[in-house]
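Before I ask anything, here is the structure I am working with.
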């Protein structure tokens, strides 16, 4: 069993707020992350898959294939977008790094399993100072 | 003459567009940077000042003082904000990295000169793959 | 179950030596790390906690709260200090990265559990070329 | 149980191809990695060992000793070499990152166990955008 | 006058040797860089251009255009190639970082000037520990 | 004229204080950098030299030679040392990054000129958030 990780990037806007709360309550709970006119990040996404090496190629999976899955399922939908407004799989969800990492995992898992490997982990960096990891359970 | 550089961060939303242009024209010129619902970045800002060392302290300038100037004049206004909508010194300007670097320079220069050193350069990274440098002329 | 990590920094002096050993023995075992007049590092600390997402906020834990725990329990005591001489929780202990990582874990665990999440891992980088990880057992 | 990781580097040439395949087939499967005249990388190697701290030194293992094992068994054989042609332990194997990580693990394990700790993981970065991890099973 | 820099990557094989010298002489002068079967690097290329901002766009130059010039003139020719054998503009030249940086500058300059800006600098990193800068004179 | 830069590291302890000042005055001027029991850093040193390429080798200077000069003149004296107490060329000087960068320049210049190139710049990083540059005048 070997693990391979592909690193990708996307740049997106978001805010943290609950529409049913007052501005004061949102500000109190989410601080500057609740700024009404949005803010944004250069997100860094690490997708780790695991499985057996194919003897013929020495590959676990062709990284071009893994990159194409991540692009079509995740980064094309998020890059240069507003996470709260523009992304189908984030509709009506909190745009926190935790929730986003879990939803990215769900987007990727079926296509990655179809490609013959297991999705082990999604790691998502929001800034240089924090990141979230999700293993699917 | 010695140069010292302080590195700071801010996370902001923006878009590139001209209101007098059609959506198609904005899309054609600015591509995905024109997404109507904004996108964002983790900007990295390097402020370089120059001057003579003070013999008593071995300092060019107390970095806490330089950091306080950058915070009050620049990063407090930009961090977790929308560059197009929320930032006084960017009103009615294109929110490109080039323009933002120049305007940050103008914001910093008077306070830095008052502190007894010269502002040499503002360097602004928008992503890991590009950055702008401005020397004030 | 999701994992979130916060990265912090502290700059400290230390040396590796046993007072009951001769200078020669300390030099032989610890090499240049035994320099009598100390040396120092820019330590990088990664604190990983785990738990369930709170549906209301989309947060595992408010990172400002986690940062405040790390600051009051760990980095305020270590930053710009001498690990061997100035730090209460390192008294009479070897100031190695391994021991320091374990003691930081012990400092953090009660306050982090009180905040409603579990402390999963402390990772401590001493230089760009080595780091220690401790999971609490 | 504590984990310590040592980071090392080597710069090597390689290509991905099967000699029994036509150039077209190699090109189709391995793309530009099959370039007949080779290409190369700055590989980054992370070796993680685990065990108990020795109370006398506060060390899991003397990092100079771990570094010497990695140098003699692995990086001296790979650095400024051609992985396909010059490296005894890669003879007749696919020079993929996955296979190389597993073979490095096998090279290191006996010497590291002899030194009194367990080899936990080999992590091998080929580029900034991908890395392989192998845990020995 | 403002400066903008684009960062690109290529992974290539090379060696340093003079065909008219003996193996011993090459080994003596170039050390392990003369390994007959090649070695390789993940090169990082920074291209800095300068000029005036266009008021309509806030751009010095559209970075997609700059990236396309770098790709067609430089990185498509170097990436996953052998610098000594496969690259037209390096034929019969020493494959040192210094010479490569100068030749990349020459490849880029006409197309960048045609695009309406000046080529200010080529910076080329061979490893994390060394890089070359060339300003065109 | 081409520029080549070599990156080196050293880990050292220091403090900022004037012995003729009271503890209170030192604390007021230098803040936590005046901690009596020292603190320390992983310094990163970039040495840039300039000159003409030697046609025979494609080198500006053999980097092994440049590295040897930096090691014997600078890093061997600073690494795992106390800058205030252990370093001959820092005796009776303020151990600030600014002063240290200038003194390193003076240590290097004669040997580098003797090696046939010019010393262009010393850049010294104290932390990830600040660095000093000195060009010799």
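So that you can tell them apart, the chains are marked A, B, C, D, E and F in the order they are listed, and the count of residues begins at 1 in each.
Simple rule for what comes next: a residue touches a chain if its C-beta (ideal position, glycine included) is under 8 Å from a C-beta of that chain, and two chains touch if they have at least 3 such contacts.
This one's a predicted model, so the numbers in the text were calculated from it and none came from an experiment.
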{"item": "Joint neighbours of chain D and chain C, given as chain labels", "value": "A"}
{"item": "Between chain D and chain E, the fewest steps along chains that touch one another", "value": "1"}
{"item": "Chain whose mean Cα position lies farthest from chain E", "value": "C"}
{"item": "Interface residue identity across copies chain E, chain F - same or different by half", "value": "different"}
{"item": "Contact-richer chain pair [A-B vs A-C]", "value": "A-B"}
{"item": "Chain of greatest Cα-centre distance to chain B", "value": "D"}
{"item": "Centre distance in Å when chain B and chain E are each reduced to the mean of their C-alpha atoms", "value": "29"}
{"item": "Distance between chain centroids, defined by C-alpha means - chain B, chain D (Å)", "value": "42"}
{"item": "Residues of chain C engaged with two or more neighbouring chains", "value": "128"}
{"item": "Set of all touching chain pairs, with the criterion as stated earlier", "value": "A-B, A-C, A-D, B-E, B-F, C-D, C-F, D-E, E-F"}
{"item": "Residue numbers on chain D that touch chain E, as the complex places them", "value": "9, 11-14, 32-33, 35, 37-42, 79-82, 85-86, 127-128"}
{"item": "Footprint of chain A on chain C - complex, ascending", "value": "1-8, 48, 53, 56-60, 63-64"}
{"item": "Residues of chain E defined as touching chain F within the complex", "value": "16, 18, 29-31, 93-99, 101-102, 128-135, 137"}
